[in-house]
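The two complexes that follow have subunit A in common; it is paired with subunit B in the first and with subunit C in the second.
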Partner chain A sequence: MKARSGQATLGKAPALGGSRTWLRPFRPGRDGAFDEAAVLHLLRRAAFGNPPSEVERMLRLGPEGAARALVAGSEPDRAAQSLEDMRPFVLGTESGRDLAAFWFARLCRTRHPLRMRMTLFWHDHFATSIRKVRNAWWMTEQFETFEGLGLGPFPDLCRAVVKGPAMLRWLDAPSNRKGRPNENLGRELLELFTLGRGNYGERDVKEAARALTGWTIIKGRFRFDRRRHDPGVKEVCGKQGKWDGDALCTHLFSLESCARFLAGKLLEHFVGPRWPVEARTELAEVLRERGLHIGEALEVLLASRLFHRPEFRGARLRGPIEWQAWVLRSLGARASPAALHRSAGRMGQRLLDPPDVAGWPEGEAWLSSASWLQRADFALCLGRPGGPFHLDPPLEELVPDRGPEAECGFLIRALLPEGLPRRAEEILKARARAEARLPRPVRLAGLLGALLLVPAAHRC
Partner chain B sequence: MHGNDVLSVPFPPSRCGALGLFLALGLPALSAQEEPAFPRRLVDLAPEGTAAWFEWGGCDLDVASLHERLEREAERSSLLPRLLRSSELRRIRGMLRLTRGLERNGLVAGFEDLLAGRLVFGLRKEGRRVRAFALAKLRAPSEAGSLQRRLRALGLEVDRRGPYLALAGDGRTREAIGRAWERAARGEGPPAFVTDLPARSLLRFRIDLQELRRTRFPLLGDRSPVPAFPAFLGWPLLLSLSRGETVEGGVAVAADGGLVLEVAAKLGGIEESLRIPLAPLPAAGGRDSLREGGKVLPRLEGTICRWRLGRDLAAFLEGRARLLGPRARRQTESFLQSLDFALRGPRGGSSLLQALAPGLSGLLVLSTEEDRRNRPVRLLDPPVLVLGFPLRESGPVRRVESALGVLLAVSNRDRMRRGRLPRRVRTETRDGIRLSAAKLVTPKDGRPWPLEAVVTPTLAHGASWLLVGSEDGPCRRILFRERRQDRRSAGRNTGGDRAGGRRRGGAEESGLLDLLEFDFAAAAEALRRNRKLLASRLLVERGTDPERGMALLETIAQFVERMGRVRFTDGIGEGKVWMRIRWTPAPAADRNPGEAGGRGGRER
Partner chain C sequence: MSSSSTRKSSPRISRRGLLGRGGALLAGMPLLRFGSGSLEGERLFVLVELVGGNDGLNMIVPFEDPAYHAARPRLRVRGGGLALGEGFCLHPRMEALLPLWKEGEMAVLHGVGYPRPDRSHFRSRDVWHSGRPDLETPSQGWLGRAAAAMPKDGSMVRAMGLGEVDLSLVLRSPRLAVPALPDLESYMLHTDGRARRRRDARLRELAALQETARDDAIGRLLARCAREALEGSERLREAAASWRPKAGFPTHAFGRRCALASRALTSSLVTRIVHLRHHGFDTHASQNRTHGTLLGDLATGLSALAADLRARGLWKRCLVLCFSEFGRRLAENRSGGTDHGKAGPVLALGGSLKGGFHGRATSLTALDDGDPSFTTDFRRVFAEVCERWLSVPSRPVFRGSFPPLNFLPRS
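Entry: the complex of A and B
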């Protein structure tokens, strides 16, 4: 089960006029400073890391410009293009592991990190496992849908995903037929994809399943099989009609609870677990005004006063993949995608294989005693010469050779530019000094490991 | 244990074979002239446990100006100091000094001026581990200090005790070295230094090479923007030894049921001898399964590798009670039972094995244009593997076909469970040749062909061969070629001995036991044809950028291409075992990477 968001009413937001309070654009000066700390917060939440060049660019753009730039992303460069040339070779192996590893490779190189972040977000939202689907091509297709439509109108995305062969097989749609309904797809469509718990009843599930009869897979594609469809009148969430699956989706998207459900999920992901209840109403309004357009809603959210409130900084716990991506992108390094995939799996987030239809448990649930050990393992192995991650460039090239303390300072600046608590920094520097006689690659790997295990490195 | 005692030191023949190949290819030298002041062999001072060695009289190599060019490039580059940190630059300069030493003085790592002209390279057993060591006579004990400084300049850790030096090793190694020192100190030998090559030093050396690889500077005058490939630092030296001449070494003599190899290698007009004591052969019964003079799969166009093992599987299995230990015997019985089960019938496996003539042959070959046309996937072009079993009679082979059907049914069930496409067997019979190929069924669920569609497990047989291949084309070519040769031989013999004709078609050399041929130019071509696939694997496994991965693979291909062709054969004749290594380097034109249209060196 997902960790429930502890929606809390924060101190009242200052009244600024207009219908929105929390989602009003952040005005530097009046609402606080749009300084390096604010940009770092934005980059950690909406991208994965904080390369210095990006920080400068975002500072120049201002809060709204920065949010717009993150949603728009940058054009793929030559390296990204050459990576795409590899796609048929990697996916041609029909191995889920290779597909996941390829995605990790792209994650480390992407020039549109928010899109990749949303791919991960939607993979969790529409959690589908290759373990049951058993078709890497279908999973690839689903990931491409997340990427292509993840920042567009939600109805387009949801329809494409739900009609994708991966989802149809995952939720047994082909066995849902007139007279013998299978409720899996109908139930998850209501509970997990559009409305959320408490916004529908058991009868709505049964009626939705009737509407979805006839959806099947033929030759690897979605087909509507009229003979299997139940053409009778259905009543879902207080409205009646002779609906098929498409009409059911249209009806669900038009419900207020759909926008509220999506708003809640976006707030939890981008703001943190303790978002104010009123903010959800405001974001739901924005979503409804803009046809449930996710990208446009995110532009508003990421440039809002709510997003930049200091109490939300460091309020989220990073999931394993997000954590790995943050480390690598902040260091400006690359690592073995296959090893990253294995390691993320051990930490509790195995791409393409969520634990159940509800996706991965988030928040504090990421840190069990077992997964913490795995995080420690990743931290200590990442920079190790001859280790499984093949960090490239290696630490001894990344970090200027200016003595143990300077090396320690460099790593802190790269990963946690806002600095560490003084005591923690002293401990790290003392360690660096004590290990000064060790070979440099070994010393740096240990230092990086120690730094990655401080609590601040797991929060964003 | 040294001197003649080494004959009793057990040592796995395969390792010695590898050493022999390495030494025969890599260590040419002047003839070893006995020095009057040095009556005993230097190897007598070797540490305990020495199992194989090569004592060498001197060093005088005429190396091409490769390293000079390399050094010139590095020294005149204004970029280098900026690209490299000072410590790296020091290491590179150290390497360059080393290579300059190699050019001027020979293979003893530029230390020839310090050494008294004799050197032993050897392998020493220490428990279950095998260690390499080098042993040399110093010109004067006082020169140990100079040598120590030079080794340190190369980044190697050195221990010094009096006039003796050793690369740092673990405690046991030092003990062994210490004993050698004591013998020298007692006057049982001349001043010498002994060095083991422990893993730590080798690791360090590898790290140095990796650092070199990361620095991008033009090597060999080749301006291609690829990272410097470390092997270039060593291998061209090896390649230039023979000045393009074919290198031949060989001759092993059986002695008292055991083997002592006396390999006389003639390299670039210089002769040198190599002694490798080997363990005795297995009990006399083990030789029952050696069969010389059998058939070998023919060389096809684009053959990368071809091999034959002159073993009689049937005879071996027949004598298993005598030849194998209890555990191996149990495993063999279990294997035979599985074979009987797969071949549907009691003694199905044994009857099949009886139908096989001695000798297991194999071939790795590039695909032809026609093979590629028949493939549904063009993204990659893997070489085709063919295993060949010569037949005494072809009757029981039908059972293998039906077993293939069973195996396929089981495998298809598993494949479907994993969401993979099943395979379907298509059988064709023409002119006495029967070929069953298991092709993937056309995907009907909208997915593209997977990459594995380029592999078509094939079982084929004619009158004289049973072939198992990864694709049908080469199997077909081999069998039809054999057929044509049979007919020609039959015509020449006016209806005479058909089997004799076949023997003439397939036999390579009289008394041939084992054969291993490798054509590096064809291997380079295979690498190039599949470099995108390989780059994608580098991307997935190591995170290497595709462009960098492909550049690296091209560099490896260029390097591999220069290796030319190697042929290793052994056999039995006139009561002796013989062994022959023939190495034909690629023609000089193909060795210049600048002219690497040099894919040309593909003469088959």
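Entry: the complex of A and C
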């Protein structure tokens, strides 16, 4: 499960076909400036917003170097080995609470934020809920797969995930047998994991389910049970064969619609809801040329003209966990992982418990008056002394003690370095002055809360 | 998801409600969706879940049936003074509900369950909550779907789960944000100012900051949600502060939840639909000790809620329904308890329902693998609530049509 195939090719600069327009490399000067604003945009989208020290480094690396560095991450990543450490804590438990808390702790610390981001991305793509799986270790293994393979070739990732015990149980693979098919896994494999709606028919689902017969779980491991397998000829999406599940997957990965489907999802996530349609064709082509290698495709995408178009800056609404991670990583602080998990759940994103097989609703669906109140609750409680989050180090240590207005300026630079609308800044500074006589910890907590509730703080 | 409904200003909305403190505070901001309409004439609904599998046979006791006494030598309830008629009596600890029964404000719906019953708590709960036994892993609840289909009213949130942190499946709907609140205070903004003047200043700042949102779809959405939340939370604070009980609510956990329900339902404009849980019904052992207490708490809590709503003139507009994920086996086990069974009675209370027995009582001799089997599909009960109480077509909610039991008046 730990194998990171494909990593050997990661270092090379991606060579590009000349026919592309949207995905042509961004050339500073010709296509705009690769300045601080451009780097901040990149860090917000591909990391979670990073400490200011990263900005300098990215500026030096240039657009392609920066994209490559984000995909490769900084080694050694101490957090990387630690999922295995979870084993004794989760073995035999049905609740995902410990795993989730553990994962939140690493989210604040990791030196490879894009990998954590992709873990979240794949958790949504392959949405599996502990409410049905009821085995925290299996869910841990699935997360480990997301982390280990999430930036490599998609075929390796997808195969490992669908053959993991968590997914097999989630989609009832063990009850899919010759003569008694259960279409659950077959359907989601086509609809949600590889091809997307509209790229297959009901007959394909039935035939895919036949190919997947015999996949089961024995002693917590994937097992192919030949006696339950239907060895006949199947026809899926225009091709025939005496397929088993593996052969079916190979066939699906080779289809053009698979690359297009993945390209669309990556664009949605990294470019935002209004990505241009032609860009999908181009990104799908990149993916196909590189054996659906996600990391390599991301290197191209994150260094492209498309990605750096100014109209896409701030065009996404941050999801709850992404929002929390942005705050903590920008401050360079940690907080109680259990409290973060509970709070993300109240905001609508409960880790390990997606609302259904299709994952979380994206974009604007994150927001309602009720969920805004929960965001407000997080914002106003985060820095509060004696509050549930136990911010570490506390705000009064993080923020240099140079008077209320300077404190306000410091927090703005840390969180929203490209600045605020002038009116917002005035309101916050006036507030800081009015509260100058309050104890510092209280004053800072309130100020941080207000800053996190500026509308711009929810976009990236 | 769509922001098309956001700027609609319905003619029912007036400035009246904005004259309160919350309104004055945020004066000058555009009118909000829930405005100041009133809930006058709207119906209230409380769904009580008896978590763990209530032993319905010891709640509505078939005390004239020899099969009952034979199967439960230790656990059987003797007739006592709470006879209901037709061979049934009420558990003696539930005396508090007897006046409601006599007034015709309590209905017993016999033998409610679902086809191909499952004895797993989780599976059975999924079925009762979703109203969709055909789905393997349902992700939406029938009440959430029904609430989402209800026409807009003046309430701040259409429905809420009270006394709980996790939103129950029954209230989930992708089209409606339903909060689960351990108490009403958690729907309030926790500004750091205790002192009123300071809090007002903080809220004004937060409101003013929202005006800096970019003028595009996301910016408008952010500003609207924030304004709704800020005003709603202030309004709730006022409502919650002025609420006084009109009956003596018991101090046990369920009694406190009932008081909370009354607070949410009767503070103007908060909500119309509440889901409450009453925990602890999984009585595998020493049932006599625990079950009586649970039923006693249920009865005293609900009778206080009824008295409170009656004193406010709202009892006629209220319906309370108590269900459990399954009943228990007919025969007691060797630990002085009962194991997971199938069907059970649903209890309905309200000022305008048709009291008495409804449906056919389950037979204690023709058992289904040791369990009294169901005589009434649970979807008939919930579909009737949708159609006749919430005025929502039940067919899309349950993907089928289920004939009413007629325990509710035709609306």
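Criterion: the second predicted complex is superposed on the first by the 424 of 460 C-alpha atoms of A that agree within 3 Å, B and C clash if a C-alpha of one lies under 4 Å from a C-alpha of the other, contacts with A are read in each partner's own complex, and residues count from 1 in each chain.
Just so it is clear, a contact is a pair of C-beta atoms (placed from the backbone, for glycine too) under 8 Å apart; a residue touches a chain by one contact, two chains touch by 3 or more.
A quick note: this is a predicted structure, and the numbers were derived from the prediction, not measured.
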Contacts of A:Leu367 with subunit B and subunit C, given as first, second, both or neither: second
Subunit A residues touched - subunit C or subunit B, whichever exceeds: C
Partner chain in contact with A:Pro385 - subunit B first, subunit C second, else both or neither: first
Which of subunit B and subunit C A:Pro393 touches, first, second, both or neither: first
Contacts of A:Phe89 with subunit B and subunit C, given as first, second, both or neither: first
Which superposed partner A:Asp172 touches (first subunit B, second subunit C, both, neither): second
Which of subunit B and subunit C A:Phe410 touches, first, second, both or neither: neither
Which superposed partner A:Ala434 touches (first subunit B, second subunit C, both, neither): second
Contact residues of subunit A, present in both the subunit B and the subunit C interface: none
Touching residues (chain side subunit A, partner subunit C) in the complex: 129, 131-132, 172, 184, 314-317, 342, 345, 355-357, 361, 364-365, 367-373, 376-377, 380-381, 384, 420-421, 423-424, 427-428, 431, 434, 442, 445-446, 449-450, 453-456, 458-459
Residues of subunit A defined as touching subunit B within the complex: 79, 82-83, 85-86, 88-90, 92-94, 98, 101-102, 105, 108, 133-138, 165, 217, 219-221, 334-338, 385, 390, 392-393, 397, 401
Of subunit B, residues touching subunit A in the complex: 85, 87, 207, 214, 377, 379-380, 417-420, 443-452, 532-533, 535-536, 539-547
Touching residues (chain side subunit C, partner subunit A) in the complex: 1, 3, 136-137, 139, 157, 165-166, 172, 174, 177-179, 186-187, 189-192, 201-202, 205-206, 208-214, 217-219, 221-223, 225-226, 228-229, 232-233
